[in-house]
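One structure coming up, written as structure tokens, with questions to follow.
Note that the chains take the letters A, B, C, D, E and F in the order they are written out, and that residue 1 is the start of every chain.
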Amino acid sequence: MMQQTAAPAASFRWPDESVSRVPFQVYTDPELYALEQERIFQGPVWNFLGLEAEIPEPGNYKMTHTGEAPVVMVRKPDGSISAVLNRCAHKGALVCYKQRGTIREFNCVYHNWTYDLDGQLTGVAFRKGVGGKGGVGADFDQSAHGLVKLRVERYRGLVFGTFSDQTPPLTDYIGAELIANIDRVLIKPLKVLGYHSQILPNNWKLYAENNKDSYHASLLHVFHNTFGVVRPNMGGGIKLSANGWHHLSYTERSAPNDDATGTEKVRSLKEQYSLEDPSLMEHRLELGDQVTNAIQTIFPSLVVQQILNALAVRQIVPRGVDRTELLWTVLGFEDDDEAMATLRMKVNNLVGPAGFISMEDGCVGGFVQRAAKADPEARTVMPMGGDAIEPSQGSRVTEAAVRGFWKGWRECMGL
Amino acid sequence: MMQQTAAPAASFRWPDESVSRVPFQVYTDPELYALEQERIFQGPVWNFLGLEAEIPEPGNYKMTHTGEAPVVMVRKPDGSISAVLNRCAHKGALVCYKQRGTIREFNCVYHNWTYDLDGQLTGVAFRKGVGGKGGVGADFDQSAHGLVKLRVERYRGLVFGTFSDQTPPLTDYIGAELIANIDRVLIKPLKVLGYHSQILPNNWKLYAENNKDSYHASLLHVFHNTFGVVRPNMGGGIKLSANGWHHLSYTERSAPNDDATGTEKVRSLKEQYSLEDPSLMEHRLELGDQVTNAIQTIFPSLVVQQILNALAVRQIVPRGVDRTELLWTVLGFEDDDEAMATLRMKVNNLVGPAGFISMEDGCVGGFVQRAAKADPEARTVMPMGGDAIEPSQGSRVTEAAVRGFWKGWRECMGL
Amino acid sequence: MMQQTAAPAASFRWPDESVSRVPFQVYTDPELYALEQERIFQGPVWNFLGLEAEIPEPGNYKMTHTGEAPVVMVRKPDGSISAVLNRCAHKGALVCYKQRGTIREFNCVYHNWTYDLDGQLTGVAFRKGVGGKGGVGADFDQSAHGLVKLRVERYRGLVFGTFSDQTPPLTDYIGAELIANIDRVLIKPLKVLGYHSQILPNNWKLYAENNKDSYHASLLHVFHNTFGVVRPNMGGGIKLSANGWHHLSYTERSAPNDDATGTEKVRSLKEQYSLEDPSLMEHRLELGDQVTNAIQTIFPSLVVQQILNALAVRQIVPRGVDRTELLWTVLGFEDDDEAMATLRMKVNNLVGPAGFISMEDGCVGGFVQRAAKADPEARTVMPMGGDAIEPSQGSRVTEAAVRGFWKGWRECMGL
Amino acid sequence: MDAALLARLRAEAFLAEYVHVLDGGRLEEWAGLFTADGRYKVVTRDNHELGLPLAVMSCDGQGMMRDRISALRTANVFEPHVYCHVPGALRVLEHGNGTIRTESTFAVFRTMGDGTMSLFACGRSQDRLVEHAGTLRLAERVVILDSRQIDTLMVIPL
Amino acid sequence: MDAALLARLRAEAFLAEYVHVLDGGRLEEWAGLFTADGRYKVVTRDNHELGLPLAVMSCDGQGMMRDRISALRTANVFEPHVYCHVPGALRVLEHGNGTIRTESTFAVFRTMGDGTMSLFACGRSQDRLVEHAGTLRLAERVVILDSRQIDTLMVIPL
Amino acid sequence: MDAALLARLRAEAFLAEYVHVLDGGRLEEWAGLFTADGRYKVVTRDNHELGLPLAVMSCDGQGMMRDRISALRTANVFEPHVYCHVPGALRVLEHGNGTIRTESTFAVFRTMGDGTMSLFACGRSQDRLVEHAGTLRLAERVVILDSRQIDTLMVIPL
């Protein structure tokens, strides 16, 4: 477990009990940002680290992050997975500086200290000095100077880590109702089809909210609406974990009721709009249901995505108070046939940094970030669905899941 | 009106009563910079927003700024002009993200909320939910969630806005003596000839001071001196508003008295220096007087410029504690004939980021900013004209107007 | 002497008496960084400014730095050297803005104030105004407004400056034992062979430590080991100034004892590794001894380097809390013959930003800086040589000199 | 002049026209620079070297290319911006039989509405050009980005 | 080789010489690369697309060009810096009758005395080249900057 | 086509191959692009203009060049990264007698493992090419960097 700083939360306090109004300051305050690193990403949460499929062989490792903290996850000979803070216990150099690779032990280039894959310090160069001179002091306890180790749990190929002793077991943390969607989507051994990295010009929370914001999907994204991936009047709903921290928003195929939506004059419903080559919108029902779109969040940093046959996990990595890296790992199943492989390539034009749908989430966060500076004391307002933080069946026109995010944020931050 | 933060002015206090000595800290302290946004740019001042000529038709809008705050000014059907903070009342996205355009209403792309041109909230997507589910809570008062509106006043085609109720009427704010120069220069309907944007590597106040610094003109700028645009011994003088916040420095053509200036060995007076093609220095007396150079400032962010036939307004936009964007709008009159059009193009080689004269103001601010870091407690000294903040007739060799700026700054900042 | 700010050291306090464990916060905290400018670089230390050989003629000047403060050193007609803060006493512009040149006096471009080479204010433009109007106030005491002057001392062609009255004489500051190495290396009139500038992606202290870290030399740098420039079992040792602030680490040629090092399985000892053209490793014994490598530090910002025949001084210039510029001045002697000139060019492939040896010090600092962010309260540990801050003969496998650096840091910072 | 240099010159001239179509905002002409069944793909060096198939953007045939542009014009939301393509070193990998295969380094600078300029992408493109009515057309263009990172979004093709 | 490719090559070679005159600091040779009454203009894309006449820098004839350089050498105050021009895609718009009209993308990197490098400008230039004693001269050069922003100042022409 | 333009084309084609050897990571082929006793040098503009001999990197002959690469492969510690060379304006200084001397502007963008891109270097290279078995080889390459600053380290040649 990491040491905890006593940094106070600046001049900040939450204005009132409601989480339906959020002060813009939370997106711009560097002190709050620093505190989030400690109280959220190093706090009682499960951070997504990566996929088992990325490190199949013993010694395979991958550099990853929990918040801004550099972390390495590595496959051990016994098949289990270990994760450590990527910082040498000696003078603090990264013990791994290549994105991925295969190792027998951690070997720091600076002074050649070595650690086993659990982070235990196994070697100190010139421990005994040279020719009887130098070397470590008598009181140096090697066992007390390993790498900071994370607790690791896995579920259906997803790997999570936490720095905190307080974090409940992973499945309790996620909760039965939301585990169900992971079971629904990750039904078979996974294959990584590739990665995207998208730099978002905004605070990480604006993107976290965006995923929980089931209200915007049919309004911002023309494609969702036009091609019936997500329409306000399609079936589905919102699910929330008991504590409200995590959510699932899903949509089921059904005949659009154009009157209903028509009356809303939704910008994004362009009746005329069509594709010359609609093959990328084809949907092979591979999960045994009619769900066209399912976006699930695991607080604070994971998004599990199914949009038609586009499957991915997205990791949110804060890169400063007004900058976020979104790491996409795009997935298929090991047993995809060629037709499915082709379909996945096509449908992935919908997502990623150039995705017909998701590109728009790349810019709206920046639109908020720029406006947030103007007057940090001002607050947003989220009236959809009242003040409630509860699931809803048949409608996604609510901001309940976003309120749930802020509930989680406040509970972790103690603010 | 915007909400006001209670942010304290860091450890800063003004050393003594005099405004003739300025601590370098005011150019480098991020907390003071944040406080300026609130107490100056969102305080009891008139911020320049743009020109009526830029939005002639109903629905024409332009993105602009007051300090760092994004603002939109828009022409209403009745011909009046409205200005709002460019931030959606829902979750804070920019409601306009294109520099200029024509709209009927404000329409936020994120969730499709709509506002009339006065910023009143007119539409909330799915206000009533879908199929009786979702929608806004019962207690949601739509009329309480409009865009933040600025008070707007206009004078001779210049458009100003303020967030504060305390700001006096525009003409009182500027004062009769300085209104007179606007009347003198903006004598006819204006035509925008183009824009410049110049990024200054310094705090915004260093450029604000530079404009009020009538002392430097003939010393830094060889062109002023060599070609008799501004020489210390030419006629003219300094005018100040009653409160000292605003100023005018002007120069009238008169025979140079080279003895007087010669004795000063002014670096910038290069007797030998001449132009192969002096046509760009030609001056057509279009304003009915002999004024060769008139630089007027309206605290905090506007400069009105007449240099020979080069007319412009300059808007000062802070972009961080050590970065400023200077937005030039270069002007002519609607009835300019072709000869005048040609002359304006030529004479504009004197100004802008590549201006023979004004380029130099682009670098001196950076020279100060870099030195300011060394020792923030140290202070400048402005001995010219003693401690006085008063007009002077016949001489510009005074720092009175700069002291006036600091008087205004202290009064707004309450420091 | 500069004015001192009263800025408090944020929430920081040193955890305990030992300097063998350093909180990562010292590498990341902007407030500590600001305090270092004042208490170290403008405090009771001798900052390296440059070489006499760089400004041989009267009026020759060079822009340099003490910490972030811009400083100019200039040769006076009497052959002595003067150094001033590069900031005009009027409004703070740089009085020199070209890297090097020749001047008779300092002449500020902004308002033409002039200073003699000692920084005394000698001219104020329009001091008496123009035509009896304007000019300086009656109470303006010209003698009180010079450039901030540094005390300057020289030793064997090295030029040092200090802002503090408290700093002891230079030779006392360095101490006899370490002066000896300067005498050993700078035996003849120097010739500048050229400059390198290397931007290090880390706090300046990480590079300062790196130079004092005699432990890493044979472990990180394959070349040192492979070619017997520095091997753990070669002769030499560590020297420290009485107060521990400064150090010398040196290595003498001797037969490698491969068993001893072999048992350590040192990553960097690649027995197989060799050069096709080893001419760049040739060593002409020009200093009358067998020393292959001597790295000397003068707290806080100077490194004196002899590696075989590669001679240089390195100046450490902080450029922000996580950015450092390392300025190399590569040296030869005036009487170098052609063969030596050729040899120096070849051997200099070992050092500088592309040096076979020194490039590695360019990246390890960044490795630490990135990891330091993760958990600022955590601490490094330096067990080599116990807690001692003392010289050692025959071994460099100690972190004594690094502890000495932190002793100096704490004494200057008062933390 | 030998055939290799001539092929080089013709490819360079064609790819310059390609660049000006994009940087000049004549996006409706883009698909027409490809053959009817031309393929277009933007991939990152990471995925490319790991042998992973994922593309940032991929079009099989002019139809999908025209769809990209029509979406950009009518459907997608993004902040207005322009590209400045600066092609670098072009090498001819193969020429003859009506085909020229080239590899070129490039940098693309993006400028936003407020004037913010940045290096948006750099890397190399691999282009297969085929003879078409006396001029050339792209049968395939693969753009390999050195960086895995895309700032904000990519809506205009490279 | 056909005339278009030859025109392209000659223009490219001439514009490369132009670039090296500026980047090499041989500024006194700059005006001589134009015809006596040559026109030079640097404008921003914003002004250009809005149809506004304002230029950042404009010279009518060699006299005004030489004045720009003499001012730079003797009158103006600025921090020393150098440009590195990297021309990109050149297309020939028109050639024949002793004239070659081209459009080229470009990037310019500025380096200050302390070594700070930055992307100073990018965009395109439109050049009209005319035959002159067996070589070429610029009758007109219009540089269109993608960004409205100029960092600090512009004193050396592009 | 006249000899100067042909020399220009051949040099450009050769230097493009040179760039792709480096950017493509085929570093073992680098020394082979030089003559056996070829000289390679990277210097800063400051040192160059002050007449100071110091180089950032210098190799006399293919042996020292191969040593640079073997050190990079087996000895030196650095974070993995790649270059993207974007050559700019090439001018022919001299040609004939089996030699072509050119000067070219360039920019190099560096991309780190995590995708961070930056302008790593810009300036000009002065290349002396000599005929070699029907193709060209570098007898000398001097790279002059506009900036004195090198970010972090330089291990891959330019």
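FYI, a contact is a pair of C-beta atoms (placed from the backbone, for glycine too) under 8 Å apart; a residue touches a chain by one contact, two chains touch by 3 or more.
This is a predicted model, so every value here is computed, not measured.
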Co-neighbours of subunit C and subunit B - touch as defined: A, E
Starting at subunit B, fewest touch steps before arriving at subunit F: 2
Most distant chain from subunit C, judged by the mean position of its C-alpha atoms: D
Most distant chain from subunit E by Cα centroid: A
B-D against E-F, pair bridged by the larger set of C-beta contacts: E-F
Separation of subunit C from subunit E, taking each centre as the mean of its C-alpha atoms, in whole Å: 43
Cα-centroid distance, subunit C relative to subunit F, in whole angstrom: 32
Length of the line joining the C-alpha centres of subunit D and subunit E, rounded to whole Å: 26
Sites on subunit F at which at least two other chains make contact: 1, 9, 46, 77, 79, 86-87, 107, 114-115, 119, 147-149
Residue list for subunit A, restricted to those that touch at least two other chains: 97, 99, 109, 197, 220, 360, 364, 367
Chains touching one another, given as label pairs in label order: A-B, A-C, A-D, A-F, B-C, B-D, B-E, C-E, C-F, D-E, D-F, E-F
Residue ranges of subunit F in contact with subunit E within the complex: 1, 4-5, 8-9, 45-46, 86-92, 103, 105-107, 119, 122-124, 146-149
Subunit E partner contacts - residues on subunit C that touch it in the complex: 97-99, 109, 197
Residue ranges of subunit A touching subunit C (in the complex, touch as defined): 2-7, 37-38, 42, 68-70, 85-94, 97, 107, 109-112, 124-126, 129-131, 133-140, 145, 148
Contact footprint of subunit F on subunit E as seen in their complex: 1, 6, 9-10, 13, 15-17, 19-20, 23, 82, 84-87, 107, 109, 111, 114-119
Residue numbers on subunit E that touch subunit C, as the complex places them: 77, 79-80, 113-115
